[in-house]
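Here come two complexes built around chain A, the first alongside chain B, the second alongside chain C.
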Partner chain A sequence: MAIFSVYVVNKAGGLIYQYDNYVPRAEVEKTFSFPLDLVLKIYDEKLVVSFGQRDGIRVLSINGVDVNGKYTAEGKEILEYLKDPANYPVSIRFGRPRLTSNEKLMLASMFHSLFAIGSQLSPEVGSSGIEMLETDVFKLHCFQTLTGIKFIVLADPRQSGIDALLRKIYEIYSDFALKNPFYSLEMPIRCELFDQNLKSALEIAEKAGAFGPGS
Partner chain B sequence: MTVHNFYIFDRNGSCLHYSEWNRKKQAGISKEEEFKLMYGMLFSIRSFISKMSPLDMKDGFLAFQTSRYKLHYYETPTGIKLVMNTDLGVPNCRDTLQQIYSTLYVEYIVRNPLCVLGESLQSDLFNSKLDSFIRALPFFSVRAA
Partner chain C sequence: MTILFPSLAKRDSVTNRGHSNSELFTLTYGALVTQLCKDYENDEEVNKQLDKMGYNIGVRLIEDFLARSSVGRCHDFRETADVIAKVAFKMYLGITPSVTNWSPAGDEFSLILESNPLVDFVELPDNHSNLVYSSLLCGVLRGALEMVQMAVDVRFAQDTLRGDNVTEIRMKFIKRIEENLPAGDE
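After this line comes the complex of A and B, so read on.
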């Protein structure tokens, strides 16, 4: 059981803090002969698998050398490189694309609006926004303070004790970010003590809630 | 426990069916707008989750909950989306939604030559079967809570 990452979003939907606690490294390397038995395409300046085995995983390296977006380390286009039978056999390493900081900002503001729509479409009066969002591999928990700051924690579906962790993060935020005289409100949090305390809170929560009931 | 309302969307985002049982608050916009907003939210959640996820997913988005209700989601490989809002006490409804798809949608819509796929469902038989199916669910009754 694990806690994957923490996001803090200000009341305008801007990402002011993000921390990746644990990123599972699911990577696979395979040697291919000509022609490739999967279809690659360029998506968002990256080369991803569009058909064959699993969709959306990204090409990370070719023949052991990391790629640079859609180009090889030497600056050639990968798609062109892979069209040439002379370059085979070729060994390609795949993995899930890592989020860039721009993507994280975008996802944070996306969640901000999803949160608001969730409360607007409520069939019951007085509903909050999305508090928990469930998928088969992770659960997203969100806690909004009265002042509109949202603390978001991504965790394993079986991890328990997340509500307590969210309140603990709020406490750490009030103690170490808000009381820091060099911290300006609504701006990205760059406080060392906040980092340290957050990390230790995550460690404690992971240990404490490791055997929580699955739901 | 109770069921609030139920939506069926097709792969293009048009709302094929909507029914409600115990809905206390309306969205304050026309039904057409509400369907668009609902579909837009689901579409964004799907893309949000596929980017956020640290691992590859099989089923993807299952449900979300707020302080007052829970939204259950089921999508078939053909893109039909079934959405049911219930209160918080209801456990995972994936099987129920799948049952609605296989025993009601496929039986009374897909097998009915007069129902044009991709258009709003007009079949009275489907509506009454769905209504009695939902009313028979163990968590339907308000008093069962």
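After this line comes the complex of A and C, so read on.
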């Protein structure tokens, strides 16, 4: 059981808080000899595996040194570097690309519109927006308050007690973000106490799966 | 900041009305009004400032209220009046005002406060006859309702501090704020 991440979206569709609650899956490091048995390509300024055993996986480091987009740490193009047999054997570390903050902002506002589309497309009157979105590996739960703020939690499909968790996060938001006089409304939440309380709420939810009222 | 929100939960755990937690709020508010009276020349300006502060509290307080109570969306103004009087006032001030004087159209009503915790220790001096001591409450109500898409006019119609028999807050519904209505919410 696990809770993967939490997003808070303001009523305009802006991402005002994001927290990832999981450690990335094990990254793989492998030593290759010439020629490389994978096809690499540049996608969105990053070097990814386009054909091979695990497509979509990103190149994270070469010979133990982290890469910088499509360039090595010394500033050479990685693709050029890997074409030269003199550089082999080479050790490459791979991992799933993590979302950048910009991508998260974009996905959050995209969900904001999807949520609205959900209620527009509805065949029934009085429909809410998307409350849950299910995939093979995670479930996205969304709770919109009467004032229009969305709390979004990504969790394991088998995780229970998410509704109570969403309410709890709303409470934490009203306590530790809104009662902080230095927090301005609609702006990104940068409050230490909010972070701490959210983290402990996630821990409790992961262990017990449910909240009592006022816990 | 938290002292401005003496929630009922905390009050009940000690005693009922009149214990130190709610008095702390009353006294802090008193100090605030006194200071504003020193800072501004006329009472109108003080009323305005109090209302503005209340508004800023209200837009935040509504989230606390919604998170803690399981109140859903109100579908008419009568429902709103009930929630304000029976749930919200009870939660934050420990009193339950009565709702009366409905206009025939149902868009205007009065909250009659038997006791106003803000004025527990107050005697209004003669030179402050225009001061609406509890204007903050108007601002809070206006701000909170605006966040749930209701534009409302709130003012004190009667005030015991100014010699009236009761304290009366008059609420008038102006319009539904459509542009703030969250998508996918009925």
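One rule holds for everything that comes next: the second predicted complex is superposed on the first by the 208 of 215 C-alpha atoms of A that agree within 3 Å, B and C clash if a C-alpha of one lies under 4 Å from a C-alpha of the other, contacts with A are read in each partner's own complex, and residues count from 1 in each chain.
As a working rule, a contact is a pair of C-beta atoms (placed from the backbone, for glycine too) under 8 Å apart; a residue touches a chain by one contact, two chains touch by 3 or more.
This one's a predicted model, so the numbers in the text were calculated from it and none came from an experiment.
Visitor: Should the superposition on chain A be reported as showing a clash between chain B and chain C, or a fit?
Guide: Result for chain B and chain C: fit.
Visitor: In the superposed arrangement, which partner chain does A:Gly118 touch: chain B (first), chain C (second), both, or neither?
Guide: After superposing on A, A:Gly118 lies in contact with both chain B and chain C.
Visitor: Given the touch rule stated above, what does A:Gly126 touch, chain B (first), chain C (second), both, or neither?
Guide: both
Visitor: Which partner, once the models are overlaid, touches more of chain A's residues, chain C or chain B?
Guide: If we count touched residues of chain A for both partners, the winner is B.
Visitor: I'd like to know which partner A:Met110 touches here: chain B for first, chain C for second, both or neither.
Guide: In the superposition, A:Met110 contacts chain B only.
Visitor: After lining up the shared chain so the two structures overlap, which partner does A:Leu154 touch, if you call chain B first and chain C second: first, second, both or neither?
Guide: After superposing on A, A:Leu154 lies in contact with chain B but is clear of chain C.
Visitor: For A:Ile189 in the superposed arrangement: first (chain B), second (chain C), both or neither?
Guide: Touch partners of A:Ile189: none, neither chain B nor chain C.
Visitor: So in the superposed three-chain picture, is A:Pro181 touching just chain B, just chain C, both, or none of them (first/second/both/neither)?
Guide: After superposing on A, A:Pro181 lies in contact with chain C but is clear of chain B.
Visitor: Touching A:Leu99, do we find chain B (first), chain C (second), both, or neither?
Guide: first
Visitor: Pick out the closest CA atoms of chain B and chain C after fitting on chain A and give their distance in Å.
Guide: 9
Visitor: Per the definitions at the top, what is the overlap between the chain A residues touching chain B and those touching chain C?
Guide: Looking at chain A, the two contact sets intersect at 118-120, 126-130.
Visitor: Which positions of chain B touch chain A when the two form their complex?
Guide: By the definition above, chain B touches chain A via 4-5, 20, 22-25, 27-28, 34, 37-38, 40-41, 44-45, 48-69, 71, 85, 87, 91-92.
Visitor: For chain A, which residues are in contact with chain B within the complex?
Guide: 4-5, 22-24, 26, 54, 56-57, 96, 99, 103, 107, 110-111, 113-114, 117-138, 140, 154, 215
Visitor: Would you pull the chain A residues touching chain C in the complex into a rising list?
Guide: 11, 115-116, 118-120, 126-130, 144-149, 167, 170-171, 173-175, 178-181, 185, 214
Visitor: Can you tell me which positions in chain C touch chain A when the two form their complex?
Guide: 1-2, 5, 9, 59-60, 62-64, 66-68, 72-73, 147-148, 180-186
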